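Below, subunit A partners subunit B and then partners subunit C, in two separate complexes.
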Partner chain A sequence: MRNCAKRIYLFLMVLFLYLPIFVLIVASFNDSKILGKWNGFTLEWYKQLFDNASIMNALRTTIVLALLASIIATVLGTLACITISKMKKSTKSIVVGITNIPMLNAEIVTALAFMLLFVGLGISLSFSTVLIAHVTFCIPYVVLNVLPKVSQMDNNMYEAALDLGATPFQAFYKVTLPEIMPGILSGFLMSFTMSIDDFIITHFTRGSGIDTLSTKIYTEVRKGIKPEMYALSTLLFVTVFVLLFLVNYGPKTKAKKSFTTLIFKNKVTVAISMCVVIIASVFGYNLLKDDKNYIGDVYVYNWGEYIDPAVIELFEERTGYKVHYEEFETNEEMYTIIAKGARTYDVICPSDYMVEKMIENELLAEIDYSNIPNISNIGTQYMNSAQGFDPGNKYCVPYCWGTVGIMYNKNMVDDEVNSWGILFNEKYEDNILMQASVRDAYCVALSYLGYSINTLNEDELKEATDLLVAQKPIVQAYVVDQVRDKMIKNAAALAVIYSGEAIYMQKENPDLEYVVPDEGSNVWIDGWVIPKDCQNKEAAEAWINFLCEPEIALMNFEYITYSTPNVAARELIEDEEIRNSQIAFPDESILSRCSVYNYLGKEGDTLYDYYWTMVGGAESD
Partner chain B sequence: MGNKLIDLQGITKSYGKQMVLDDLNLYIRENEFLTLLGPSGCGKTTTLRIIGGFESPDKGRVVFDGQDITDLPPNKRHLNTVFQKYALFTHMTIAENIAFGLKIKNKSKAYIDDKIKYALKLVNLDGFENRMADSLSGGQQQRIAIARAIVNEPKVLLLDEPLGALDLKLRQDMQYELIRLKNELGITFVFVTHDQEEALTMSDTIVVMNQGYIQQVGTPEMIYNEPENAFVADFIGDSNIIPGTMIEDELVEFLGTKFRCVDKGFGNNKPVDVVIRPEDVELVAPEKGTIKGVVTHLIFKGVHYEMEVMAGGFEWLVQSTKMSPVGAEVGIKVDPFNIQIMNKPESEDEEAVGVDE
Partner chain C sequence: MNKKARRKNALVSSPYMVWIAAFIIIPLLFIVYYGFTDGAGNFTLEQIKSIAREEYYEALILSLVLSIISTVICLLLAYPLALILRNMNLSKQGFIVFVFILPMWMNFLLRTYAWQAILDINGVLDTALSAIGIEGFNIINTPAAIVLGMVYDYLPFMVLPIYNVLVKIDDNVINAARDLGANFWQTLVKIIIPLSKPGIASGIIMVFVPALTTFVISDILGGGKLLLIGNIVERQVKADNLNQAAGLSLVLMVFIIINMLFSGKDEPDIKTVKEGKKNEKLR
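== the complex of A and B ==
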């Protein structure tokens, strides 16, 4: 009886620990993009994964980084252990304590410290800075594994080797090293695992053009996680699992001797194969650069999933520039990187209010339109809208745009939807999804109340806040990404959503309908800007000009599904329904009801954040 | 026994402020079994490590076979060490352990194989070639450590408390084993121990050390029977050490009584220490003894009884095969040649040499 209870308890424990991973693994083999809907087994996502050049590039970077970092950390850490073991007891415990702290320290603190250090020393972030950071955080793990082995080892062993005629080098190589080898191997494998695993430190210390698997996955998350990311995460989990298994069970099992001896006896083989991997990777990396018509580099910083990858290849082919493409998740994150000068990019794609903020902080360079003849393809109405945050259109070329509106399920909503008011109707209790973003939430409330969505009037804000607080009990959730899946699966009736997503969702579930309420709403514009510290303005302008070509803009529109401001491209859309879609291209009357978000200034941001905390929208998620 | 093989000349060594060896002079003859004996911290291990080359002296010279080897690293010295905790290489098999030194010297495979067989036979562990070191018992590991050292045909084998970690029975077996090995190999053994019984059993020569100084050098018999000072007397076996006065040659007074003895040349009316071994004290009928006393304690020790007798204001330690019950009145008698007279320490230097009490 007790045994049975024990077993059930153990089973529940394991289930609790591994169920999420199990779901992920199952999802990676699911022949459906929608979570929770099993369409049969497929390896399609794995295939797509391996066909994706940027992911494979990230994989290579991850492996080279992990190998280099763990090798360097293992050598340094092992030498440190030998020194530490020779120290006096009191000094030793202090030093061991110091080496342990980085492991317990919050990773974000370490990451920020590294970034500040590098930026402070004027070292621009690059592969080397990530490597240095990784070596640093790996060393404690090496010490953790090697030091006990060194301390355990009878110091007389080394002397015995000398006594038997070995030189100090021979004694170290033939006796000390093999004796502590199990520790060194564990340390190496653990460092390797930690390096592969790391996201935060990599994220803060990497230079432009460098992506590891974890940073890649993170940036992909913005547009909703694609199933190939499940496949990648599954592979990552399996790799880490195998490595940890080796660390924990390899040296301890009966096969200990043979395992260690195997590795050690075959050290030459191991060393050679490692060198081969590293050289091949580095060489492969360089091969990419050795394009025949290579004329320079361009560093692009864009939202995740915000371009058709084929467009990048076409641009490289057409112009001879090598594109170093990087993605960000939020405007704020991008702003920090640029404002701190941590990484430099040639061309960036922020949103309207962020463009305004960057202009105000003098981070942008004026665009020379003589280099962008294709600007004529951009509709004047959009250039006019852009004046709302970029007076005179000096800094920003619109790339994508859209409205914020209500998506509803025809079968679940029987009232007419033409006002934000429907979101406050108790009839739809627990069927309403709100956007977990301060500006979008206030856009709903302020528009409904008839106020400007950029208001700084405290009374108006207060009123909007009261409205949102009162609404909260009937809201199912404040969400970011789940909104798509929930609406497609009929799990909610009404949702605040961006027009670009609406098109995709309608395709998946024809019962969904999109409306921009009569009270007006937000029209947002993301556009290309060139930062002041850009290294290659010519390339940046070539990039912008290229994206303004109608055929290219069309490719992007079809890939991203967000509305394009490129009128010439719109003309090329074959599907009449889409070309005339009120969602993708609402007519003038709808647009005139909408306004852009303005940069509110530091005080404005604080004010909104203050009221937003009262709503507690983000927490309810 | 042959010529001087190792000669330590004026060796001084200190760690920080702590003086470990002070102007130590000692020679070791060829084919000698020499034991460095003393309590922990007396400098015996340091002396051994200086001979082995693991420590270098602050002052003084180490001469080996006529050559100054003071600055020679351990791997260039023609001697091998057996360490206290064996220090076998745990990642190697027994055969690989034994072959280690020979492989370093690039000996042929056939030669090495022969040597391994021979060495294992010598230490009675044939057939252990492919075992791993940590699968062996302490005693077996000890023998392998010896085998690993002797295949290199050293002129001197240094042994640092090699029996310390073994249990009593095994320790006694290994003592005989070591004597046998030494006789078969015909090489010099320098042995470090704090166990006086071990030293007395095996050694040709014993060097008693305390606080960095040599207290006495001699054969086991000399050390035991004629300790030169109270420390040696106390450290080697049990002793009754009684302050007294040398009245004249062959007559000493202690505990208010005059005793005949055989020592001469101390001068008249000089303060001395008198050493009497407990087994040399005879318990007789009260009226037949030199002094009278009462038995206060009695313990049965197997081979003999051990008694404490209060006599003349001193608690005597007595060992005898004849038992006297607690409370019995006895007389104490000592043969003149069993009374050992020692000078009392006078100068500061001698004080340091003296008993640490």
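== the complex of A and C ==
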């Protein structure tokens, strides 16, 4: 009886631990991009995995980083242990105590400390900064493993070697090192696994163009993780599983105690060294594919899911520039990175009000239009609208535009949707998705109350805040890009979204409908700008010019479904229904009730942020 | 050691000393400096005092409550588990431990994200439950979902240190207690639990600290509706308000230190913590 209960308990715990892993493995064979929605079996993601340059790059960075960090940490840590063991007891405990800080402290504090150090000293974040951080948090694990071995060692052996005529180096190499080798190896392996698994510290210290698997997954979480990632994780998981299984249950040989058995005694060594071999072969495969017509690099910083990946490849092929492509989630996040000089990019795609802010803070370089002949494809009405935030069109080339509105599910909403008010209707409790960005959330509340979406009037803002706070209990979630999947899966009835999402979502789920409420809303333009400290302006301009080609703009439009200001591209749209769609290209009657966001100044930003935090902290039930 | 040898030792250790000074101590000083200054570099207590702002201390309280609940649940789940694992016969031991460590080789962000898909409305669990007639089991975007995520992610951190201590308890000690007439519960309460205190203490440290400071789990499973103190710090960093982030980190560190002192009373030396981390990664 008792045994039976034990078995059940064990079984339940195993189920608990493996359920999500099972879901992920199933997802890697699922013919749908949405996790948890089964569409049929496919091996497509495994095929695409090896062609997915960004995942392969992230994998490579992860491995190289982990290898370098653990090697450096092992050398430094071992050296430290040998000297620490000779120190006075009090000094020793202080040094060991300090060494352990990164291991015992909260990761977010350690991460922030590194960020402040680098930013405070004006060092821009790069691969080296991540490496330094990783080495530092790996060292305690080396010391942990090596120090006991060093302490156990009989110092007389070393002395004897010296007496027999060995130099100190020889004595160390021939006597000390073999003795402490097992400790060094397990320290190295532990560092390696810690480094591979780290997210928070990498997230805070990484430079532009540097993505590890963890940071890549984190940015992808917002918009739905690419199934190739599930495929990669499944492969890694299965590899480790098989290796550990073999090591645990494989034939055991009892060889003489030699250096090799020392290594192979440690099961994980075998596991990891084989992983490394496998991954190294992936690198080899990748190296073979490197470009021949390479002429330089261009660092691009864009919104998530905001370009057709095929366009990037075409650009690389046509121009010979290697594209380092990275994504941000909100304008504000991007601004911090650029303003702090933490990372440098050559070309960025912010929204209207953010362009204005960046111009005002002198972060942008003027665009040389002689390098962008394709600018003529952009409709003059859009260039004129852009003057609202970029007088004289000096800094910004419009890329996408659209409105903010409500997407609703016809089967789940029986009221007529023409007002923001429906988002405050308790009838739809837990069925409402709001945007997680400050300006869009306030756009909803301010428009509903009949105020300007650029107001700086504190009373109006307070009123809007009260409204949002009161709304919070009926909101299901504040989302960024997850909104698509949720609406398509019928997981919510109403959502605040950008018009560009609407076309894609309707394609996937015909029950969805998009509306710009009567009270008015926001019309926005995102455009390409070149930051002042860009490293390769020519490449940046080549990039912008390329994106303005009608065929390329059309590819992007078809992929991301956000309205294009490229008139020539719109002419090329074959599907008449889309070419004349009121969602993609709303007419004047809709546009006239929409206005753009303006930059509100530093004080305005602080004000909005202050009130928005109130909404964030409010009770949700 | 003679003077010369000592000097030589100091010389060999110098690269390491420079490293820990530059990358452990100075960064912490930077946190202190930023935490006590405003954007212009003037001394202020505002950053620290900002924790008194309603939204912030509520986030802190919520984090404390959720992390304490998670730690307790982890302990309650992990202890019997470790006990069962200990009592399994030796040949199976390797396999069982291996079964409990293997999940950690899948990226933890992905595993947490998978929970989102499981718990979501019309998600895996919802669909399965409604198939057997249970409707409306929705905990996504609630504190319960966050606690579940924390328990899931940090359970091994609790199981392993306890297991490590339990396997070291001599069977003879337990048998002696039995021979002297103690029943199962008496043995557990009077012998096994007191002997495993160091493991429990290090398990608590290793679950509580990351649970208190996480922002990822609340991000993925809380739907942006529930802010933990980790989210507040991360938001401040994103909003270019590094001073405030540093000030709040200082407040957080106070709780981390309190937790260590508190658990430390049961005398786990740092080593069990470390061994826990080691085993959790290495098996």
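The rule is simple: the second predicted complex is superposed on the first by the 448 of 621 C-alpha atoms of A that agree within 3 Å, B and C clash if a C-alpha of one lies under 4 Å from a C-alpha of the other, contacts with A are read in each partner's own complex, and residues count from 1 in each chain.
The working rule: a contact is a pair of C-beta atoms (placed from the backbone, for glycine too) under 8 Å apart; a residue touches a chain by one contact, two chains touch by 3 or more.
Every value quoted in this text rests on a predicted model; they were computed, and no experiment measured them.
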Touching partner for A:387 - first (subunit B), second (subunit C), both, neither: neither
Touched partner set for A:492, first subunit B, second subunit C, both or neither: second
Subunit B versus subunit C as contact partner of A:154, first or second or both or neither: first
Touching partner for A:614 - first (subunit B), second (subunit C), both, neither: second
Of subunit C and subunit B, partner touching more subunit A residues: C
First, second, both or neither for A:181, with subunit B first and subunit C second: first
Partner chain in contact with A:165 - subunit B first, subunit C second, else both or neither: first
First, second, both or neither for A:17, with subunit B first and subunit C second: second
Touching partner for A:141 - first (subunit B), second (subunit C), both, neither: second
Subunit B versus subunit C as contact partner of A:418, first or second or both or neither: neither
Touching residues (chain side subunit A, partner subunit B) in the complex: 154, 156-157, 159-168, 170-171, 174-175, 178-179, 181, 257, 260-261, 264
Residue ranges of subunit A in contact with subunit C within the complex: 6, 9-10, 13-14, 16-21, 23-24, 27, 35-36, 76-77, 79-80, 82-84, 86-87, 95, 98-110, 112-117, 119-120, 132-133, 135-136, 139-141, 144-145, 186, 189-190, 193-194, 197, 199-200, 204, 213-214, 217-218, 221, 225, 229-230, 233, 236-237, 240-241, 244-245, 248-249, 268, 330, 332-333, 335-336, 339-340, 430, 436, 472, 475-479, 486, 489-492, 609, 613-614, 616-618, 620
Subunit C to subunit A touching residues, read off their complex: 1, 5, 9-10, 12-13, 15-17, 19-20, 23-28, 30-31, 33-34, 54-56, 58-59, 77, 80-81, 84, 94-96, 98-100, 102-118, 120-124, 138, 141, 152, 155, 205, 209-210, 212-213, 215-216, 219-220, 223-227, 230, 232-235, 237-240, 242, 245-246, 249, 252-253, 256, 260, 270, 273-274, 277-278, 281-283
Subunit A-touching residues of subunit B, taken from the complex the two chains share: 52-54, 73-75, 80-81, 83-85, 87-92, 100-101, 104-105, 132, 148-149, 152
